[in-house]
Amino acid sequence: MTATGRTMLAFALLAPLAAQAGERLAPPQELQVFDTPNDGGNSLTVTWAPAPHDGPGTRYLVMVGEAGPPTGTSPSLAGMTVIADFPSDSHYVRDARTPWWSRSVPKTHHQYEIKRGRGNGNGVKDGTSYAVVVSAVRGHESMMAPALQSVPQPNWFNWNELNNLAIVVLFGLVVFGSIQVARKREIFLRRIAGLDAVDEAIGRSTELGKPILYLTGAGDMSEPSTIAAAVILGRVAKRVAAYETELMVPHRDPIVMAVCQEITKQSYLEAGKPDAFKEDSNFFITTDQFSYTAAVDGIMLRKKPAANFFMGSYFAESLLLTETGASTGAIQIAGTDSDHQLPFFVTTCDYTLIGEELYAASAYLSREPVQLGTLRGQDIGKAVVLGMLGIGTALATLSVMTGLDVSIVLDLFKDLK
Amino acid sequence: MTFAERMLRIDRRIIFLLIGACTLIPLLFPMGLAIKTSPEVTSVYDYIEHMPEGSVFLLSLDFDPASKPELYPQAVALLHHAFTRNLRVIGMTLWLPGTGMANEVITHVAQERGKVNGKDYVFLGWSPGGGSVIINMGQSISTAFPTDYYNQPTASLPVLEGVQSLRDVQYVVSLAAGTTGIETWYVFGKDKYKFELGGGCTGVIAPGLYPLLRSGQINGLIGGLRGAAEYEVLIGRKGRAVAGMDAQSVTHLAIIVLVILCNVFYLTIRRSTRGGGQASPAGN
Amino acid sequence: MNFFRRRLPLLITFVTGVLFALQYYVPHPVSESMLTSVTKWLQIIGGFALVLGVTSLFHLHAVKIRRKEPGWGYSFVLYAGMIGTIAVGLWHNGKETVDNVTTAFGWIYNFMMVPLQGTMFAILAFFIASAAYRSFRARSPEAAVLLIAAIIVMMGRVPLGEHLIPLSGDLTQWILNVLNASVRRAILIGVSLGAIALSLKIIFGVERAYLGGGKE
Amino acid sequence: MSFELILGAWVAAGLTLFILTFLYQDNPLFKLAEHLYVGVSVGYAIVKTYDTVLVRLIYEPMLKPGITQGEWAKGDWSLLIPLTIGALMLARYAPKTAWMSRIAFAFVVGVGSGLAIPRVVSSYILKQIEDTVRPLLMLGADGGVSFTASLADPASNLNSIVLLIGVVSVLFYFFFSVEHTGPGRVVARTGIVFLMISFGAGFGYTVMARMSLLIGRLTDLIEFSQPQYGGATWWLLALTIATLIAFRLRRGETEPPR
């Protein structure tokens, strides 16, 4: 290191000390001790204002002791224990990550939370009064603020989570409101391109005179994707009935099979071909993942269906099914919300309804107010999220450019506890 | 049928044989290629490396035998690291079919490191309920698991001294093969009980966890066999994962070649049909 | 009876749903201890739910054997495997190891269940390769994008790929960390809105499919 | 080496090979191993559930309080509540009492939905928005405003912009209330490109996952082919192939020629 370098380093080290030496050590000002808000109890919070002497050379000590009977005099230091000792340029209110609406002290103040845990001994107990003292220490010098008393207690509401609750309530109102609207009048839904692909596939099967295979996935009737698969089956069955093509629907869940049987029957009725309906077009194979897959693969290889539909939820078996299906030269249409299987459906199928498109397709076909209303409610939710992203980014950028404090808006979009 | 069409329609069993060979040969004759470490894995390593001795580390082995080749080596590496650092280790699983493996890996590594059950580590076993188990552990570990896997009361185990709930655990790593795993540990655990959370997962679910990694909801992510191999390199103890990476290299390259071949044939077919269509009127 | 069959379940869902949604915002010990008790109960009920899933399988194969349907012999194998495992498991109190010695139950687990399940999924390795060769085609610009991203990630995740094209490792990191993360995040937000809507509909009795079971 | 280990190696190697025969075609060996797999895993689940739920979570805390301490020192009779709810669930199997199971499902689904709502908002909505909302410029060390364009740093401004575009366009793609025409078409197209990149990454990563499983199985087979296991893999491989040929021949005899 050069001589100049060394001098500069020494200067850099000395500079803050010199500045501090100039500031007289003072007792912590604006000291407040209160029950920690928004928590389950057994904790007190101490806050005090920053001082000119704050810096690496100065430290703060926090001492706590059980307060005696309230005599009006300041409690004695005997029986108090030091529970925290930290540099005076640390422990600020802003470190605690709380939103502006639940803060009572400026962000620049110091803050320390007294509770059981790492290095805090047994902490403080609810219902007991404690005296807290904070002192500023530099070398052998120390200045103490007068002791303050407070009682920790548990709270009934976590105000930090107010934005969370507001989102739940507002979104709930939007969803139920949309369902009400959908009950009264038509709701617009954009055309789902995948549905044209469905019709095209049925058309081609008819031309070739080959059967159609339709799978409803691994889920039971409580899963939204299975419900959507059953609704779309209704549409497919109606078309199939009109063209008198053969339909095969192998199942993994007996209840789903029963439901689908009803739906298929209804579709044939609506198409005016009740005689063409075959009870055994819906059939049960087994609940087990791989036995089912092996059996369906067998059907694909033997019967060579012209179109395969994979709707509903799928697991690892997806690739075993679609790869075999692709090898028989069938048109394959998939629709699933199982996102880790989507890459395989997208690569091996001719058309894939991705995630929510499956629900949308089902709502589009069923025209059921609850489904349509929910979809609209979610759309409004997404629009709000898009708005939050736009406004948030704009404000955050503005804040960097102008130094403006925008936390009054940004805190609303944050998950602070 | 043209050559390209014939090639695209070859029996898939030929490809099966090719893949089998590409996996088998590097396993028998390893090459030992160097493995680079990524920031996702390093941050898990660094966190454990900087934990003070005796602090509590919980490893949740949330996978079943189907994911053993990927996640078992991760568990081995993490446990070796934790035991070397003299951390107190709590093992458990949220996946029923994984119980036997989880017990085996913990016991095995502990034995190798000379650690004592009940004093240096504990295996809590499995409990049903997924998220409810985590919430319950956040309130009290001895309520969620009154006894450990070997029926010892958890409340009186030396290793759990001073550890009443998840609030007293410093670091949790979930090795997950599905949705009951890392996300569950975040949503029902870290979010409220404030421990640090890391993740290890199979390659299938890894891409879906990146949003959580970016937002700091998990502090690191060990992805698949590659992640396990990186961790083995970091702790300087090469095992099954590093050994498997050679086979990975060859099979991956084989698949890339297959994809390229597929597209070359596909494009020739497309061009020839298109070209043929244009040529015929001109020929007439 | 209509009250017990129809209204009571809806009322229970409503009360418990609202109660436990609000619990999140109440840090008081009363609310916390309520959470502790109920999650403990859910652990136990979760065990019963597992039994429920198993019973239907039990029933299914019993019918197959009784009616001597095609392939009933395999159902017999299934039963033998199940009953053998249960008998051995109960004999050893459900422990795979006792004093570091593997029990017969642990043996069944290590040498039957682990290789069987592992191999079942290992089959997928072959199918993924065959799919890559036979159907991974650049049929459209979108498919081409997928294909290129897949090739880069495959290159960048293995040592040999990084060795041949050093850039692929960094590129893979970028794809996963930025491009992929943004998509997954959007999907996560969308799916979460859907999940909240569904939960709210369940709590307020608009969605009742979960009740199923048992005729009115 | 102990007899159990050698026997184990033979069984494991045999079952592995039986399952792998599925690659040739669906056949009785595969079906046998597959049904055995279902049976053993169901049996395992039953034993574990019995041991964990009935013994460790119900019987011991309720009736054998002596072995535990603290809160568990007294018998915990409140456990009768989940026991009853669980029993109601099983009522589903008798047609007459099936309706009672609804009460149990109502409880489980109600609590589950309630627990999920605020947590999903916190973890998957607010947290994700919070991390996506980032300033598009950075405050430099000199106090001036700068733009970081490094692709390697996930937190750089350029990457924040890319991330924002991705999140917005994909969210818009799943927006069903407006037609994808005009500028909407451009945004939706961007969304689909982002989706495809993510699926590509998913495909690539999954290749690694599936290959790992194969590597795991082959490593075991290699180990079991060693002489200390009596070359189990080789013998069983020969046996499996012979059986497959036998099946093929027998089927050829019974099936009439086409």
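A, B, C and D label the chains in the order they appear, each numbered from 1.
By definition in this document, a residue touches a chain if its C-beta (ideal position, glycine included) is under 8 Å from a C-beta of that chain, and two chains touch if they have at least 3 such contacts.
Worth saying up front: this structure is predicted, and the values here are computed from it rather than measured.
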| item | value |
| --- | --- |
| Comparison of A-D and A-B (more C-beta pairs in contact) | A-D |
| Centre-of-Cα separation between subunit B and subunit A, whole angstrom | 23 |
| Chain centre separation (subunit A, subunit D; CA means) in Å | 20 |
| Inter-chain centre distance, subunit B versus subunit C - centres from mean C-alpha coordinates, in Å | 16 |
| Whole-Å separation of chain centres (CA-atom averages), subunit C against subunit D | 5 |
| For subunit D, residues that touch 2 or more chains besides their own | 22-23, 31, 34-35, 37-38, 41, 44-45, 48-49, 52-53, 57, 115, 117-125, 127-132, 154, 163-164, 167-168, 171, 174, 195-196, 198-203, 205-208, 210-211, 213-214, 216-217 |
| Residues of subunit A whose C-beta touches two or more other chains | 161, 164-165, 168, 288, 290, 323, 327, 339-340, 343-344, 346-347, 355-356, 382, 385 |
| Junction residues of subunit C - those touching two or more other chains | 21, 24-25, 32, 38, 40, 42-47, 49-50, 57, 95, 109-110, 113-115, 117-118, 120-121, 123-126, 128, 130, 132, 134-136, 143, 146-147, 150-151, 154, 157-158, 173, 176-177, 180-181, 184-185, 187-191, 193, 196, 198, 200, 210, 212 |
| Graph class of chain-chain contacts, one of line, ring, star, complete, other | complete |
| Of all residues in subunit C, those that touch subunit D in their complex | 4-5, 8-10, 12-25, 37-38, 40-52, 54-55, 57-58, 71, 74-75, 77-86, 89-90, 93-95, 102, 105, 107-126, 128, 132, 142-143, 145-154, 157-158, 170, 172-193, 195-196, 198-200, 202-203, 210-215 |
| Contact footprint of subunit A on subunit B as seen in their complex | 12, 167, 191, 204-205, 208 |
| Residues of subunit A that touch subunit B when the two form their complex | 117, 323, 327, 339-340, 417 |
| Footprint of subunit D on subunit A - complex, ascending | 161, 163-165, 167-168, 188-192, 288, 290-291, 294, 297-298, 340, 342-344, 346-347, 354-357, 360, 375-376, 379, 382-383, 385-386, 388-390, 392-393, 396-397, 399-401, 410, 413-415 |
| Footprint of subunit C on subunit D - complex, ascending | 4, 7-9, 11-13, 15-16, 19-20, 22-23, 31-55, 57-58, 78-79, 81-83, 85-87, 89-90, 92-93, 95, 98-121, 124-125, 128-129, 131-132, 151-152, 154, 159, 162-171, 174, 191-208, 210-211, 213-214, 216-217, 220 |
